[in-house]
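Everything below concerns the one structure shown next.
In order of appearance the chains are A, B and C, and numbering begins at 1 in each one.
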Amino acid sequence: MNDTVVPVTEQGEGTRTFVRSDYVVLGGGAVAVLLAGLARYSDWGRVLPFVLSAIAVTLLASVVGRSVEQLGDRFGPGATGVLQSALGNLPELFIALFALRAGLVDVVRAALIGSILANLLLVLGLAFVVGGLKHGSQKLDSERARAIATLMLVSVVALVLPSMAHYVHTPAAQHEKALSLIVSIVLIVIFVLSLPASLRRGSTGLSQDMEHEAPRWPVTLAVGLLTVAAVLAAFVSDWFVTALEPAMDAAHISDAFAGLVIVAIAGNAIENVVGIQLAAKNQSEYAFSVVINSPLQIALVLAPALVILSQVLGLTALTLVFSPLLVVAVTLSVIITVVITVDGESNWLEGAALIGVYAVIATTFWWG
Amino acid sequence: MNDTVVPVTEQGEGTRTFVRSDYVVLGGGAVAVLLAGLARYSDWGRVLPFVLSAIAVTLLASVVGRSVEQLGDRFGPGATGVLQSALGNLPELFIALFALRAGLVDVVRAALIGSILANLLLVLGLAFVVGGLKHGSQKLDSERARAIATLMLVSVVALVLPSMAHYVHTPAAQHEKALSLIVSIVLIVIFVLSLPASLRRGSTGLSQDMEHEAPRWPVTLAVGLLTVAAVLAAFVSDWFVTALEPAMDAAHISDAFAGLVIVAIAGNAIENVVGIQLAAKNQSEYAFSVVINSPLQIALVLAPALVILSQVLGLTALTLVFSPLLVVAVTLSVIITVVITVDGESNWLEGAALIGVYAVIATTFWWG
Amino acid sequence: MNDTVVPVTEQGEGTRTFVRSDYVVLGGGAVAVLLAGLARYSDWGRVLPFVLSAIAVTLLASVVGRSVEQLGDRFGPGATGVLQSALGNLPELFIALFALRAGLVDVVRAALIGSILANLLLVLGLAFVVGGLKHGSQKLDSERARAIATLMLVSVVALVLPSMAHYVHTPAAQHEKALSLIVSIVLIVIFVLSLPASLRRGSTGLSQDMEHEAPRWPVTLAVGLLTVAAVLAAFVSDWFVTALEPAMDAAHISDAFAGLVIVAIAGNAIENVVGIQLAAKNQSEYAFSVVINSPLQIALVLAPALVILSQVLGLTALTLVFSPLLVVAVTLSVIITVVITVDGESNWLEGAALIGVYAVIATTFWWG
């Protein structure tokens, strides 16, 4: 995805299979996975295994993203969108499943909310600040912003009601798993219903906004890399989760802060950089779409999928009951993001406000 | 009201007093009232009396609506609006008063919130889906949508603060009745102040949007039918409330779910069907107005009137203290409805989102 | 500031140092300070000292405002804005500091929230009603309204999270002071970042909207009056706080109501009158700016400054932990104000709705 936005320098390389950044990601990924594996089974302290596995996960996420994009280009933007929805959050899914198997259900909850908040506040805020300072007030696709506002608010309801039911001890609190299961199905249905509109918009957006590079990888290579990366991601996610707790202990960081800030930022590093780069290039509509897609998929697909899978696979059940402070933080963040984006314009002060809100939330969760 | 929207077939019948649907409603209503009365004083099981009295109430509500409309036409749209505001929720008022006399204050609370939620989410959602699928993106009167957003948010404040004061035990919690009384008066004052604008808009809307049929009923007939229907509604409401609890027990449905979903949908059946039909005919502005008027009148007139009347008549006092989960559900529903409607446009995805939110809320209240 | 809006009668007095209203404020202020001082150290009952010191504070606030404006005119609208931001809330700052020294931390909390609510709901509501009844629907600067919406929502987050953390006993609750300190710094940073945009808009607004009178006071006079008024304000604020509690006891008014309604309205009397006058003259954009600036400065400058100063000066520490009911009241008030203003238009019904919300909140805090 990174390459699609720097077409000028690399367009000339169109006949080659790999561009420069592919070598970096594939080579770096292989090295990082090796080192992370060594760290896992040697005694390299408490911090290094965590750092190495975090880097390895990030690079594998990028390989998955590139493979999906190359594959998708063969089948048109519609298929790309569906593939990205299905596979883009694959590494996060693995991390969360291993964490649930390890019983770290609070870390998973914090990481899910944290990914949403980091994207909605920190990354979108940085994109608005960078774009706004370089180009003044920037336009967003206001129809898309309204659709996203609607979907985000539905997610908030799906988060608030099961949590509230739990904390005020209504009868539904004793049927937490069943309630979370039904609500998760509702969320996935709404996501599926929203796909046609976002795919349609996505394709228009691409053709208008940017010159799109042609697919360079043969199908077999793309499928092969996707498979290898996905399998490796499953292993490395396991190592990452194993290394997480000792590292947090060593650094005296609370579980909530770890999930909310560190796992959240690590797990979305690539989208984040791409989104901010696009804003800097004044492709603000596309930047907005890339940045906002991630929290939307987490809320409408990843979290519901984890709820369903955790029950089907017999892991520690993930329910949609989150701590009151997380619920309030995400509700207010969604409201402020909605107010800032629905007018179809952004500026750097709005970006600074979003970053400020993120700072307040992160501080509140700092103490463990 | 139903007839006004199918003018083509019935315009030719303008010289006759009754159109076809009048016969259905009046005849059906008479039969339903008779059967409901027999069921009330015979031993027809636990479910049938409830179903029959629900049908009778619904048909009587329609007779009241038609009489008001015929009367109103003599005095212009202004008088119609005032009359509709005053009498349109008459059957709901009776049901609630009898339920309060029977001490079923929680059912009344759930039914009030339920009527608001059912209209705001389920019916408006269905109207947006039906209209959107048939006609694409539909326009709403955005000035009216903003006025409604303001009024709905005032209602939310009037609901949240007394409830909060109760649950966090502030001094006001010991003056719950007085607080609810004053807040109810504020709500009614704001509703009265909003009447001129909505009447003015109503009349413009009517003349632009649709050919309006001439009044057909003589004044004495309209007044007579109104009186008879209102008196019968009082009796049948009593039977309905008496039949409610055994039926819920037989069907193993919780009180909250009964009020929130079943009483709410039964009590608003006519407006609901009309609103969805109008959306299907692409009269989206008029559909929005019909659907949204009902929850607005419940929040700004019916609920405050019940608070005042329950204290004046010495019934079980209804206060504006609602359960935390109901309060949060209605607050979030109003916020999502405001975000979806204030832009003056609707589409089927927004409708699906509203229905999804309703499904989540209904599920949360399913267990008893 | 009062004079700038009635240029016609006083423009002719441009060569004189003082205009008529200056005499009233300076003379009245001197008399009020004298009487308040006498009342403080004599035995004039419980109510009179409070009333006199309230009047004296109000008039001193006006002298500070006039001096700042006259000074600012020498340095252009940018400097005026900065000066107004820094000094405009000086009397409120003194009152709050003395109240904190007296340990009245709950009164300070209520007064801060009260000032925000009184401006946001009562004064803005009155301005919309007066302006709307005289001139129909009025225009607001919708870009400025959106920036203000963003800043107000950031303040809400900064208020809600520390309060929630306290009440649900998260680990951060044990670091309440540190958390409040960091959040306060974030708020002040965001306010400073917002200054360029509001100053730029302020200057444009002035030149377009109104004829601005020339500075009439020599610099030395302005600096002298500012110094004297600020010193006197410090004394009188002390007397006001001393007189507050006995007066509230005498009138059987709760602490919360006193802070929320009485201190709040007294402390902002001047801005309030000016804002409503401007709306009556159909200078709606300028009226909106004057009225809304005050709660914004309280939330983003005054409250954070008090948090920091109370810790630095070793007074009873003010933290950002407010009672749940205050937090919810201010959150809902900000949401309704945002929905009403972001469309860039106001009318009298929206004003009535804001006043209604204020009435509901004030009633909820009436009982002590």
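One rule holds in what follows: contacts are C-beta pairs under 8 Å (C-beta built on N, C-alpha and C of every residue); 3 or more make two chains touch, one makes a residue touch a chain.
These numbers come from a predicted model, not from an experiment.
Q: If I list every residue number at the interface of chain A and chain C, are over half of them used by both copies, so same, or under half, so different?
A: different
Q: So what angle, to the nearest 5 degrees, turns chain A so that its CA atoms land on those of chain B?
A: 120
Q: Just how far, in Å, is the C-alpha centre of chain C from the one of chain A?
A: 42
Q: What residues in chain A touch two or more of the other chains?
A: Residues 335.
Q: Going by the contact rule set out above, which residues of chain B touch chain C in the complex?
A: 146-147, 149-151, 153-154, 156-158, 160-162, 164-165, 168, 170-172, 174-175, 179, 182-183, 186-187, 189-190, 193-194, 197, 335, 338, 342
Q: Give every residue of chain B touching chain A within the complex, in rising order.
A: Contacts found on chain B: 254, 323-325, 328-329, 332-333, 335-336, 339-340, 343, 349-350, 352-353, 356-357, 359-361, 363-368.
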